[in-house]
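These notes open a run of structures that come right after.
There are two complexes below, and they share chain A, which is joined by chain B in the first and by chain C in the second.
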Partner chain A sequence: MSRIGVFVCHCGENIGATVDCAQVAQMSSSIPGVVHSVDYKYMCSDPGQTLIKEAVKEKKLTGVVVAACSPRMHEPTFRRACAEAGLNSFLCEMANIREHCSWVHEKGDQTTQKAADLVRVLVEKVKRNRPLRPIQVPVTKTALVLGGGIAGIQASLDIANAGQKVILVEKDPSIGGHMAQLSETFPTLDCSQCILTPRMVEVAQHPNITLLSYSELESLDGFIGNFKARIRKKARKVDEKLCTGCAVCTQKCPQKKIPSKFNAGLGMRTAIFVPFPQAVPNKPVIDIENCRYFKTGKCAVCQKLCPAKAVRFEQEDEILEIDVGAVVCATGFDVVNTDFFPEYGYGKYPDVINGLQYERLASASGPTLGEIRRPSDGKIPETVVFLACAGSRDRAKGIDYCSKICCMYTAKHAMLYRHKVHSGKAYVFYMDIRAGGKMYDEFVRRAIEEDGAIYVRGRVSRIYERDGKLIVKGADTLLGGEPIEIKADMVVLATAAVASPAAEELAQKLHISYDSYKFFSEAHPKLRPVETNTAGIFLAGACQAPKDIPESVAQASGAASKVCGLFSQDQLSREPLIAAVNRTAPPQYSSCTGCFLCESVCPYRAIERETITTRGGKPIRTIARVNPGLCQGCGTCVAVCRVKAIDLDGFSNSQLYAEVRALA
Partner chain B sequence: MSEFEPKIIAFVCNWCTYAGADLTGTSRMKYAHNVRVIRTPCTGRIDYMLILKAFSAGADGVIVSGCHPGDCHYTSGNYHARRRWMVFRSLLDFLGIDVERVRFAWVSAAEGAKWAEVVNTTVADIRRLGPYTEYQNLIGRGVERSFQV
Partner chain C sequence: MAETVRRTSGQTVVNDMEALRQRARELLDAGTVQVIIGYANGSNRRVRPFFARRPEDLERLILDDRCVLNLAVYLRKPEVKALGKAAVIATPPLLRSILQLAAENHYQESEAVFLALDSAGNVLELSSAEQIAGVLGSLPGSTGQDACVPSADRMPALSAGSTDRQARFAFWKQEFERCIRCYACRAACPMCYCEQCLVDSNQPQWIPVAAHSIGNLEWHISRAMHLAGRCVNCGACSEACPAGIPLNLVNQFLADRIQQEFGQKAGTSAKLDYALSVFSGSDRETFIK
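So, the complex of A and B:
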């Protein structure tokens, strides 16, 4: 038999002024099962809590209902008080007679009646509560970082420096990401490689970091603290342990005319290649699609000449299975290509390039060794037009958002061009200049005022070739839309930053959500910006939205500190309000029929298939099982279960039906 | 004779509408007293059997309210609720149960005023429709038994 205590709080005047609390207490005392019912001025105060604790002990209560404010406010307070008195904290419920009653209704009998109804609902519920204990889950203290750009590098280093193990997975042969491709960085113009490469080396040498380059995530199973990752280590066709990085192979490879991805297609590389000289790890990879040996079976020059005998044509992909406790997703972004723009020639003019290609031209390690030479004939361009917002903020192109980094890098591009070609003219077409950030606006002003970049507010309607010049047609909207035509030698489009093409597939593997642009969604846009809705998976960098370097680094450090917070405990404690499938005696074993409707609606993939076997191991039937580590307690499975074999603690069928019946 | 006071049971999700109704309280907006809120974790948890049970408990109207599409705390519970509601409402209609007595709404944690408006309009609508007696008649004809859990 239940022994329920009801405690009605006046909350000073907040409840007491409109609800007759004494009468509510008196009305509650007649509910079957209620053995104690009192009202008090401030239930959450020390004497109020003492009142509850003493009643729990003296009256041997099996359940407590506190009629006061919203459970979102003081449920933890009263649950703690009950626990201190020796009552399981999940046997305490709150009836919300303040936010849902006294504050929203006028004083009167009906308001008091409503408060009494709400108490009765919760009394019926708490009678059916059962004692629960927080779920303890062990934590594997290894973090998996996906993506070796600046965000992934920063997150890895921060976690590793805090003494935790990190596995850094990068799909390309080298870490570094887009930042390694950049020439100089705004707003200080320090060389990107100068600040990045020391970090890359630190990653490679850190005792707590295992670097898996040229590898990709195959699948991720499990839950916070207990993930199982399968990682495909793609065959380099080179034994990393034997290779010394002497580069004889890359110099002697006869297949030399392959566009280099690192140089954004402006330079060439060989079939066995290291993406760039400062690559980490500095070990080559054979591109089997272009390698003469793999295409014709003849050649093998690299194998013959390798002094370390490290070339392994027979090497296969390897699948590694790794246990990790947390995942940081830092897979970055991409930029759209110039062929995205019909009005600018669908990429058919070689001298219309995108921002990333310009970065390679301006970089001292690039194909022109830092001289601005146009791709078509290698001449130094005398007039360069830069177009901001190429694709971004353009509904017609399906990219409604601002790519955020273009205003700044376009100003930098114009500035670098003027530094390198003093007689050249740099035009910038822009819609608005968005230079919010420390020293950012000053930087743009410097480009305009000191370096003489000519800023034209307006969009470019067309680019076409005439007499060896690129004719850029646009309008100056500050001068009333006056048409403007510039004969340029080179055009640089600040093309939109978009999610990487593999983002959607990766999100499905990680089971995280993404927005309509395929950028990964954070758990809360303001208060939980580095977490995802899947516990234990964090975001860093431009995979979430376009970001510049300082923001990416800041978010990576934020994600790293979340991971370290998670790893600071040996066990995780979770709310036990989760679903479970019933089990009964043989020959039924469970009323679950194995239809697995629950599996299809569960947003957390918490439903597993469990095969019941005889003692001899012969399968009898397959039923659903809830993984308590994954279940978040939404109860969608309970609502769809046709036979009511699955139920949710805290909001069980018997509780909810009893609550409805209490209102009869 | 005093005016008919409808009895309305509201099933709300914990994360959006319950918090939204809390906000109505903290902003001291007044609304009709006729509603009794039952908290569930998510609209996805709301088994529509509960709606029938609410009518059988004598409710004149039912409100089901949760997070807006795309805002579900559990990613997709509200979509499942909506999808089931589309099917369930046709079934209700087929059975001769008045669909107008069930109000399906989205109220976010920031929409305190909207919660007050949802309650007030529902109360006004149900007041116009009058007490729900047909359901009790249907029970007599055995509808209830076929839905028994």
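So, the complex of A and C:
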């Protein structure tokens, strides 16, 4: 016979003001099997927990129901208290009479009755609970880092330097990300590549890091500590081991007029290419969509000239299956193109460019070798207009948020222009200047005061071409909204930072949540900023929201420390609330019919096939078996099983049935 | 009590019975199979399943349009399995059942031999799901309505195109009133292979077992849902029902809906995913993505 204890919590006024807790305790005492029933002001307090512990010992309780808040809040607290008193912690359950009752109803008899009903339901459940032990699962101490931009690089290096193995997956032929494209970085104006490339080389040389460039994640299965990643290593068509990086192929390739993605479309590259001189790894890739050999079957110049004989036209994509314990997602962001703006010419004016293109113009490794020359005719522009908030903070464009980096890089752009073209005029149109950060405001002041950038507070309504000039029409709102018209030679739009196009698909592969802008969601905006809601998957950098370099690096180090914390344990404890297939006496052995419907619905691939054999090893029948390491206790298999041969511990069919019957 | 139109004409549709018997005899003689499962005449002009283990028994084998009992149910029974490998006299509905059983891991390749007659009267010997799927469409009687259909005047609610849900529900409530819960439908159904049926569970007792309205309705709705997308429309349930409830119409209704929604039909291939549990990118509802 069950001996259940019921403990009703007032939660101060939270429950006590609407529910008559004393009466709930009194009503509960008459439920068959309940031997002890009390109410108390704060059950989670130390004296409250002592009440439970003492009752467990004195009344020899076989089960405990705490009627209080949501089990998400205090279930661990009360289960621990029961465990300390010698009762298996899974024999303690919570009836949620706060979120499910007192907070959502008015004070009254019916509210008290509902609280009593909720207690009665849980008493019936606890009667059918059985003692369970947590499951121990091993941890694979290898981290998977997705994205080889600065965030991914930093996270990889931090994890690797802590002595753990890292697999860094980058979709492009080289790591480096957007930071490799930048010219100088605010607020110190040091050269982006000069500070980034040593890190890139360190990644390539680190004994704990395996770099998989030109690769993408196909799928991720499993759970914290035990993920299985399938990674597609795209065919470079070049044998990485043989290639020496001599660059004969890239010089001799006859297909030379392909817009370079690295140069934001301003420069050209060949069909066999290395994205930029400092690329890591410094091995070329054949772009088969543009390669003459793949289009016509003739050419093969690179193959003929390669001194290392490393070109492999027949190379195919390769799928790697890797076990990892944690994932850091650092897949970065993208910027909107100029064709997003009808009012600024829909991308048809070549001299209206976006911030990333300007970075390439200003970069010493860029198509103009660092001279500011406009794309249309290569002339040095005399007047340049910079537009902050192009798309950002604009509900009409569907981008409500602030892209955060534009204020700073626009100040930098104006400054770089004035440094390179002393006679030039730099206008900046802005909404507000958001320069929060160490040395940031000083940087903007320097652009205005020392480098003579002309800041105009107002937005630009239209840009059009007249007599070879770009006419920028705006308003100066600080001077009473006076219309202003500037004849510019070049316009730079600080276009909005947006989630990368593949973000949504990736989030679905990883089973992580994302917001309406397709940026990945953190588990808590303040207190768990690098975790996702999926245990074991962490976020770093601008895939979560627009971020500058210092922030990305800080978050990457944060994610890395979370990974290292996870890897400091050899085993993880998991709740044992998992499904199991029943076993019965021979000749049936189980009521499972072996239809394996459960196998097709299980989202965690936890269903295995088990063949029951005689002692001599002769197979009798094949039934389903639940892998306890993979099962997450979602119960989908229980719902589809026609025979009800599969059941979930802690939420068994008979428990749920009894709970429903208790309300009848 | 309303009456189902049963096919009891007894007209022999098979003229090549001798060829079939001859082939069965060869199989028994060669020891390829140990038992031939077919039909024989029972009492009162009824047809009964027949298990021939000796060549001389084969004379009693018959095959006519009264032979609607689905013999596939016997392949799953331990006592039949104990007889050894079986050859089964096959009709198109039986072969459809075998394909669906194979799709559900309940028929293994070459577990049995199926003897069917093609339209030219040749005996076909089939054993793999692939062979069955290959010839099924060309067998006589493989198209059209195989199962018994109650006459339309008996059930205006069910006449073609009727969308009156209330009328339909009223009709079925009345039909299920007559159910005596003998579970003959379950016993006759090749897809009802569970060793412990949901309705036999008493911890918890999901469905009341007494033959009264509520329990009857729950039982038949549960059974229909368990057969949704799996019923091959052999009609054995309706044939078996002593109360004459046209049960296969419920299952067929669901089968039609599954075909409309997901474009698949049970008993057409041995490689068929269960429509209600898998998701494909071409499914119409995209909410699950």
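Everything below uses one rule, namely that the second predicted complex is superposed on the first by the 445 of 664 C-alpha atoms of A that agree within 3 Å, B and C clash if a C-alpha of one lies under 4 Å from a C-alpha of the other, contacts with A are read in each partner's own complex, and residues count from 1 in each chain.
Please note the rule applied: a residue touches a chain if its C-beta (ideal position, glycine included) is under 8 Å from a C-beta of that chain, and two chains touch if they have at least 3 such contacts.
Because the structure is predicted, anything quoted here is derived from the model rather than measured.
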- Query: If you stack the two complexes on chain A, which partner ends up touching A:Met439: first (chain B), second (chain C), both, or neither?
  - Reply: neither
- Return first, second, both or neither, reflecting whether A:Gly633 touches chain B, chain C, both chains, or no partner chain. first
- Is A:Lys644 touching the first partner chain B, the second partner chain C, both, or neither of them? both
- Task: State whether A:Ala664 touches chain B only (first), chain C only (second), both chains, or neither.
- Result: first
- Query: Should A:Gly594 be classified as contacting the first partner (chain B), the second (chain C), both, or neither?
  - Reply: second
- Touch count on chain A, higher of chain B and chain C: B
- Query: Regarding the shared-chain residue A:Gln508, is it in contact with chain B (first), chain C (second), both, or neither?
  - Reply: second
- Message: Looking at A:Asn653, would you say it contacts chain B, chain C, both, or neither? Reply first, second, both or neither.
- Response: both
- Query: What is the contact status of A:Leu118 with respect to chain B (first) and chain C (second): first, second, both, or neither?
  - Reply: first
- Common interface positions of chain A, toward chain B and toward chain C: 601, 640, 644, 653, 657
- Message: Show me the residue ranges of chain A that touch chain B in the complex, using the header's touch definition.
- Response: 70-72, 96, 98-101, 103-106, 110-111, 114, 117-118, 121, 513, 533, 577, 601, 603-604, 632-636, 638-640, 644, 648, 650-651, 653, 656-657, 659-661, 663-664
- Contacts from chain C onto chain A in the complex sit at residues 78, 104-106, 193-198, 201, 203-204, 206, 226, 273-274, 277-278, 289
- So, in the complex, the side of chain B touching chain A is made of residues 5, 7, 9, 18-19, 21-26, 28-31, 33, 36-42, 44-48, 50, 53-54, 56-59, 73-77, 80-81, 84, 116, 149
- Mind listing the chain A positions that touch chain C in their complex? 508, 587-588, 591, 593-597, 600-601, 622, 640, 642-645, 653-654, 657-658
